[in-house]
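Here chain A shows up in two complexes: once beside chain B, once beside chain C.
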Partner chain A sequence: MIESISTEMRGNPPMIIAMAIITIYMAIALFAPVIAPNDPNRQDLRRTLEAPSREYPLGTDEYGRDLLSRLVYATRSSTVVAVSVVVASAVIGTALGIFAGYRGGFVDSLLMRASDIMMAFPSLVLALGLIAAIGPGLRGTIIALAIAYTPVYARIVRGNVLSIKEEAYIESAQTIGVNSTRIAVRHVLPNVAGPVLVQGALTFAFAVLSEAGLSFVGLGVAPPTASFGNIIASGRDYISTAPWISTSSGIATVLIVLSLLILADGLRDALDPYQHRF
Partner chain B sequence: MRARFLLAKLLWTVFVLFGSSLLIFGLMHLVPGDPARAMLGPLGTPDAVAALREKLGLNDSVLKQYTTWITHAVRGDLGESILLNQSVSSLLAQRLPITLALSFYALIFALFVALPASVISATRKNSLLDYGARLTALIGVAMPSFWLGLMLILLFAVKLGVLPVFGYVSLREDPVDHLRHMVLPAITLGAAYSALIYEMNRSSLIEVLQQDYIRTAHASGIPSRLVLFKYAFRNALVPTITVIGIQIGYLMSGALLVEAVFAIPGMGRLLVNGVLSRDYPVVQGAMLVTVLIFVFANLAVDMLYTVIDPRIGRKR
Partner chain C sequence: MLQHRCIEMSQVDPLLQVTDLSKHFSLRKERLWGGEPQVLRAVDNVTFEIGRGESFGLVGESGSGKSTLARSILRLHEPTSGRIVFRGTDITHLPERDLRPLRRHMQMVFQDTKSSLNPRLRIRDIVAEPLVTHKLPHSAADVNELMDKAGLSEVFLDRFPHQLSGGQRQRVGIARALALSPDLIVADEPVSALDVSIQAQILNLLKVLQSEMGITFLLIAHDISVVTYFCQRVAVMYLGQVVELGPSREVMGNPSHPYTRALVSAVPRTDPRSRRSRIVLRGEIPSPLSPPTGCPFHTRCPVKIGPICSEVAPPAYPTASGGWAACHLLAPGTGASNSASSPLIQTGEGKV
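This part shows the complex of A and B:
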């Protein structure tokens, strides 16, 4: 798998750039306290809505807070949400998908019908409904988005398991009496890793967008904690006088999401050549 | 055969609607603790909580609560909004047309951009124009809609001063002003949708153009334009329509955010405010309507298939 990814990358310069951008984002998120030049929450009411300058490269917001530092911390919020959502939905979805596909029968139909129903909701609307139940904030956003994205993994994995199940090596493992948990982990899981990885990159992108959207309407990451969405929201009221507030945060979001989409596309070409793009 | 195909789809729709209603109902019972308590917040006195519990029927069995809710909902009674002191169905009746109008304009914009662009891209595959269009589409998907909206406001309303920024004017009040208010929101909502339609139609058109019957048509001297539009385009459209149908859900969730940017009093804002203020009857009502639209849009797409490609539904 790693081999086919590195082969793909050699002939795909945009994918290399995308990987580099994603790595930089992760590093910013991880080392935010070291990278941020100022405290992201320190207010200075004498210096509000200042345009970008030497001291404040991205300007200040309505409370005189350093926007660059806030953007650094927003990268952290965004990454925390997205990584948690991707890991939780991928692990749970893959487990359910393998279980449903391998077991078949009643459990399979029950799980698949349940996923059909969940997928009848646009994922952001489902996430909103879940947030209504769980409560808004960072934790609510993570749980809601993780639940909303789980059915996609379950379906993709199940589909793959159904075809893998018929392969000779699985049958021979069954014949010599290997127990089914071991078959699932040793033989089925490695074979579904490719499609799960592709979906992981896509979910990452959508989770970043959804978190930004939810925070924009006030249901995601709550101020004063910085997030791409709530910085854009606070800049909305000053769009004519201080457009730099919303602009920089939006560009940061576009960059990371674009990189993730390019990565997902490259991974798909490398690992899952039969899938359609997008 | 075709009737059977449609009947199966119809049964499927009924099943999904039933399941979704269970899910929407269940969400309110997922609330940790007492939903009545949660809705009233710290200000709720024990008496007020008890009264609200009684009003919402929370003292009945779960089964009874569901049957009461769903039988009322089928008759169009979705309960009362806790916060706005108005029935949920009358709220939805005011707000839904606004969201539908916005989505309709967004769809028109998306098709208007995506279809010509995809034809240009597919017929000039791997040209500079094609690369440019594909990159634009990718950025379109990556861009948060609400941010694009703000940037459009900055450009067209603040800098150029040509279009109104906020609010909504109804079609009946002033058709011209209505459209002027809808231009920026429709572009904002339609941008990513357009990118998805473009990408799908481009790849499906490229695939169709490689088919033998297209080569045969060219070989028999039929003008290229006619081959493209009469033979290729129609066949390429089937997967594209699937994307259009599936992504109608995208329009509904995109509207949540776009309405917030432009202060449009549509259903999306109603839902977001409902969640913010824990106005559960509103949340349930708005979610139910969203699913209804989504499911029926997909049903309509299935029916449209059989018109565009008469082979569908006849196989087997």
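This part shows the complex of A and C:
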């Protein structure tokens, strides 16, 4: 798997750039306190809405806070939400998908109908509804988005399990006497890892976007904690006088989402069984 | 089907006894309302036994139920009816938990070498998996020895299946099957996906293993010459039923059932001067969803005698070879021949 990904990257320069951008974002999120030049929440009401300068490279917002530092911390909240959502939905969705696909029968129908119902809603609408029930904030956003993205994994994994189940190596494991839990973990799971990885990159992008959207309408990460969404929202009122607030955060969001989509695309090309190169 | 049992060559020590085994699949209904669920008779009342150390062959064209029979014996399919006795234990409906210890003694070699090895595991892990599963003590030396027995170099241990050729992968499959030193190996078309030159190597390997380790083999093939080379006895399957059973050399040299004759006549000959006329069967094998009444072969039989063939299922008659065949032509007193003495159905070749 790693071989085919590195082969793909060699012939796909945009994917290398995307990987570099994602790595930089991760580093910023991880080392935010070290990287941020100022305290993101320190207000200076004498210096509000300042244009970019040497002291404040991206200017200041309506409370005179350093926008660059706020963006650094926004990267952190965005990453925290997205990583948690991706991990939670991938683990739960994959487990459900393997269970449904491998078991079949009633359990399968039940789980798949439930996922159909959830997938009938656009994921952002579903997340909005769930947040209304769970309550807004960082924790609510993570739980709501994780639930909203779980059915996609369950579906993808189940479909793959149905075909893997027919492979002779599963029969072979059965004749050896391997129990079904071990078959699922050792023989089925590694063979669905490819599609899950691709979906993981996609979900990451969607989660960043959804978190920004939810924070924009005030249901996601709550101020004063910085988030791409609430920075854009607060800059909205000053778009003609201080356009750097919304634009810088908007560009940051677009850059990471685009990079993740390019990565997902490259991973799909690398791991697609129909263009496998042995 | 009682007669089968009487005629069956008496085995002193049967390792596997299969009695009246059937496997029917019920298919999903096509329409939402009404319509009977269809039943596919993949294996229908099959009876045979395999003695310890014996090689038993199953031949028949694709769709005749050979693989389903093998998978039912290994309990990869739940048998619909009948009885499977392995090592003296009735395993027909044994729960998986109780079956697991017995699985050690019966292993399978698969046709599709690509699909039978997990692409994400290294050869070392594939070969060692049976030992790990049954918690048997094993060392790197044991795995090396298995590779050696299967005729594979140890350099392959750290590779992945896709880095090996078809013949090498089949050797890995054999090494895995040998890991538990089983009594019975079911080989489902072990060579038919391989190049002809490799086929002989793999068959010879299996033969050596059989003579050295005394493993009992159930070999499935559509190529009757492979079975004759490898097996002492052979059963010919058609549409889920065994139509002829007997010592493979005799069945091959002197087939009794018209279907066996057709199969044998299709084997290419090395001597161009011996022009034995080839029996070409017309039409397709009937659908196992609605098998013909009477003899399953009557729709294609070149020597059909008359209405009896399509009305009455033929019982098993003893053949000259010491086996039996299910064909009305063999009935004592039938004009065509006499079952007790001479080779049967000498007529009929010219008819096709």
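Quick note on the criterion: the second predicted complex is superposed on the first by the 272 of 278 C-alpha atoms of A that agree within 3 Å, B and C clash if a C-alpha of one lies under 4 Å from a C-alpha of the other, contacts with A are read in each partner's own complex, and residues count from 1 in each chain.
Methods note: a residue touches a chain if its C-beta (ideal position, glycine included) is under 8 Å from a C-beta of that chain, and two chains touch if they have at least 3 such contacts.
Owing to the predicted nature of the structure, the values given are computational and were not obtained by experimental measurement.
With the C-alpha superposition on chain A as described, chain C and chain B fit side by side in the combined arrangement. Judged by the touch definition given at the top, the superposed model places A:N191 against chain C, while chain B stays out of reach.
When the shared chain is aligned, chain B comes close enough to touch A:L219, but chain C does not. Once the two complexes are overlaid on the shared chain, A:M19 sits clear of chain B and of chain C alike.
In the superposition on chain A, contact is made by A:F121 with chain B only, not with chain C.
When the shared chain is aligned, chain B comes close enough to touch A:P136, but chain C does not. Once the two structures are overlaid, the count of chain A residues touched is higher for B than for its counterpart among chain B and chain C.
By the document's definition of touching, neither partner reaches A:L49: not chain B, not chain C.
Of the two partner chains placed by the overlay, neither chain B nor chain C lies in contact with A:I92.
Of the two partner chains, chain C is the only one touched by A:Q174; chain B is not. Between chain B and chain C, the minimal CA-CA distance in the chain A superposition rounds to 10 Å. Residues 278 of chain A touch chain B in one complex and chain C in the other.
Partner chain A is touched in their complex by these residues of chain C: 71, 74, 76, 99-101, 103-104, 106-108, 110-112, 115-121, 129-130, 133-134, 162, 173, 176, 180. By the touch rule above, chain A contacts chain B in their complex via residues 113-114, 116-118, 120-125, 128-134, 136, 205, 209, 212-213, 216-219, 228-229, 232, 235-236, 239-240, 243, 246-247, 249-250, 253-254, 257-258, 261-262, 276-278. In the complex of the two chains, the chain A residues touching chain C come out as 1, 167-169, 171-179, 182, 186-187, 190-191, 193, 278. Across the interface of their complex, chain A is touched by residues 15-16, 19-20, 22-24, 27-28, 30-32, 138-139, 141-147, 150-151, 153-154, 158, 196, 199-200, 203, 249-250, 252-253, 256-257, 260-261, 271-272, 274-276, 278, 280, 283, 287, 290-291, 294-295 of chain B.
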